[in-house]
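Look at the two complexes coming up: chain A is in both, with chain B in one and chain C in the other.
Presenting the complex of A and B:
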């Protein structure tokens, strides 16, 4: 039987959006998503919350692992289009970061329209502040933010740093783990690992 | 008659929310969006209203100001509009608000991290009076070619001896995009720099929205030998005595008697009991 979506679509998506907005405005600082809907594997409830909050028939979504139950669920509840290739996606969902495509596989926009770029949701193992933490700075960060994002593939940060030379083109990231979301817009600089 | 919560339908809100997230991710860049017809005319805050509608939830407390005042037609109507279509609480006190929609001022009271400021923007393109073609200004932004604006400011200096632009004073956001701060007085420009609160801008007729994230570098354009300066007055507010707020000059009788008063009515009102005590 198909799982349900938000119990109260109007207010649940509004509350999630406000946290997503603050997550994007204050990068590398974990925020709690207030309403998590049921979600079929391999999509985590927090990732499903973002997709149901932001996606509809006008957005195309690329799933790294398009399991039939997950695809049916998204099509039924959000009516969204699935993209066949990462570069065609407005939103992309990474359910297994260790085998994710390189970041430059996604749309980075063009210089006249840098907003025509992908938002990539990455399901990670968790967030920490001490062991193996990276330092971040940029718009939205007062001084320096320290955060460890667990479960990313080797070389991820180098890939992202190489994309930074193309600013204002780029890819905006949402990392999710359990109830938490961390925003990482293209402008956030990774200082050290 | 009942409306969908906050007037707009859910598809429109999602479209606005996606655009707002991209706007925050690319500070100062104008994101095109599908602006809807609103139940008030262009020029009365249709862009700001759509941004506010995409943000609002039942727990929000909304404040609306027009040139600093809570009690002017535009502010009263927008506040009543959202009280009716969203049932949200409204306030005139800056400190009590979670969302503040503003036309042409930033409140004197410092904003907090948990507040969002929404600007009504008539013309989002700072280069528009210098270059009317959208295709051309878009290219100038793509190339970060802002020489036109520097020439304009230089011509001010050549003609008047100082930069004569006193409102809608152009800023460079995060060292990249030339951005209109909306027609706020340049007095308010320093509040854009490293603001604790997120600032969102909506232009309904021009179908653009943009953002200045919190704690972001915002530089008012200037020259080394003509640094940026804000307005100063020889007067103090005649109601509350403030010497550091933005003052309006008001004519109070038929003989042209003038008085200077704070443009921010909440700030002024909060100070007056103290001033009397």
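Presenting the complex of A and C:
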């Protein structure tokens, strides 16, 4: 049984695209995705909304858990190519963060073309602001932003901090939970937990 | 018709796409769409680039764009697809629905009888008329020797 995608593919993906731009411009601040399409397990509707908005036949996607129904769904609705290895992917979807590969497994671009790097979409348990929150700063954040991202593996922020020394190379992150998205571009610094 | 199911499907998809939209709509009138219908891809119109060797020799090149409307629908366990010429959304929807219903073994015989066969006859009639019209306008040049 196959599921449908956006009811209005053009307008729905444009509305989501606007929010994704805003999420990257204002890092570490949760934003609502306006349109969530139906999605087969293990892909969350919010992650599917990002993939349908940003990916097409010219982008390659690496799925952490490539279930046949999810693969068929993405191929049919987005026409995208699936990457065999994380380092070949333009976009990566992490559906189970506890067993995700290290962040340096993804493409970081090269010094001539730092844009040839991966955007990693991570399905997390949720966002909070108080308990166990991290502090973020960088372009797009006035002073400091406080946010807790729940369900990330141990050592995730250390891995990301190590990548930060390689700027302008690096990976950009989208975290999704329920209908919310948080953008974390490579320029945002994680201060401490 | 060939007995291979894939070839049969290719043939009815081609026939549905080439049929006259009004004739298809009239033929499909008797078949109520099932209740569990999901439009996986609502009818959408776009352009396809046609490539080919116009002279029959030399490399392929882009010789023009063509308006195509496509549609996909899920009816029960079967998914029907359609790509039709032009921008008639209803034509694409009906062709996709017919493709889905034709894959269902129970409905296939009645659809073949009431939809596919009349459309095939109508298509042959149109082709026949066109070729008669063309044949009637054939000009014999007595000064030119044809290689026959």
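Throughout what follows, the second predicted complex is superposed on the first by the 193 of 193 C-alpha atoms of A that agree within 3 Å, B and C clash if a C-alpha of one lies under 4 Å from a C-alpha of the other, contacts with A are read in each partner's own complex, and residues count from 1 in each chain.
As a convention for this text, contacts are C-beta pairs under 8 Å (C-beta built on N, C-alpha and C of every residue); 3 or more make two chains touch, one makes a residue touch a chain.
Note that the structure is predicted; figures quoted are calculated from it, not measured.
J.: For the three-chain arrangement built by superposition, which of chain B and chain C touches the greater number of chain A residues?
T.: B
J.: Under the stated touch criterion, which partner chain does A:17 make contact with: chain B (first), chain C (second), both, or neither?
T.: Touch status of A:17: first partner only.
J.: What is the contact status of A:126 with respect to chain B (first) and chain C (second): first, second, both, or neither?
T.: In the superposed model, A:126 contacts neither chain B nor chain C.
J.: Go through the superposed model and pick first if A:9 touches only chain B, second if only chain C, both, or neither.
T.: It touches chain B and chain C both.
J.: Taking the superposition as given, does A:1 touch the first partner, chain B, the second, chain C, both, or neither?
T.: In the superposition, A:1 contacts chain C only.
J.: Contact-wise, after the overlay, does A:142 reach chain B, chain C, both or neither (first, second, both, neither)?
T.: In the superposition, A:142 contacts chain B only.
J.: Applying the document's definition of touch, where does A:186 land relative to chain B and chain C: first, second, both, or neither?
T.: In the superposition, A:186 touches chain B alone.
J.: Tell me which partner A:114 touches in the superposition: chain B (first), chain C (second), both or neither.
T.: first
J.: Looking at chain A, which of its residues have contacts with both chain B and chain C?
T.: 9
J.: Taking the complex as given, what residues does chain B use to touch chain A?
T.: Listed in rising order, the residues are 4-5, 10-11, 13-15, 17-27, 29, 31-32, 54-58, 113, 138-139, 141-143, 174, 176-177, 194, 198, 211, 213-217.
J.: Quick check on the complex: what are the chain C residues that touch chain A?
T.: It is residues 38-42, 44, 72, 74, 77, 79 of chain C that touch chain A.
J.: Which residues, counting only chain A, touch chain B once they are in their complex?
T.: These residues of chain A touch chain B: 9-11, 13-15, 17-18, 20-22, 24-26, 53-56, 58-59, 90, 111-115, 117, 119, 138-142, 167-168, 172, 185-187.
J.: Could you pull out which chain A residues touch chain C in their complex?
T.: Residues of chain A touching chain C: 1-5, 7, 9, 76-77.
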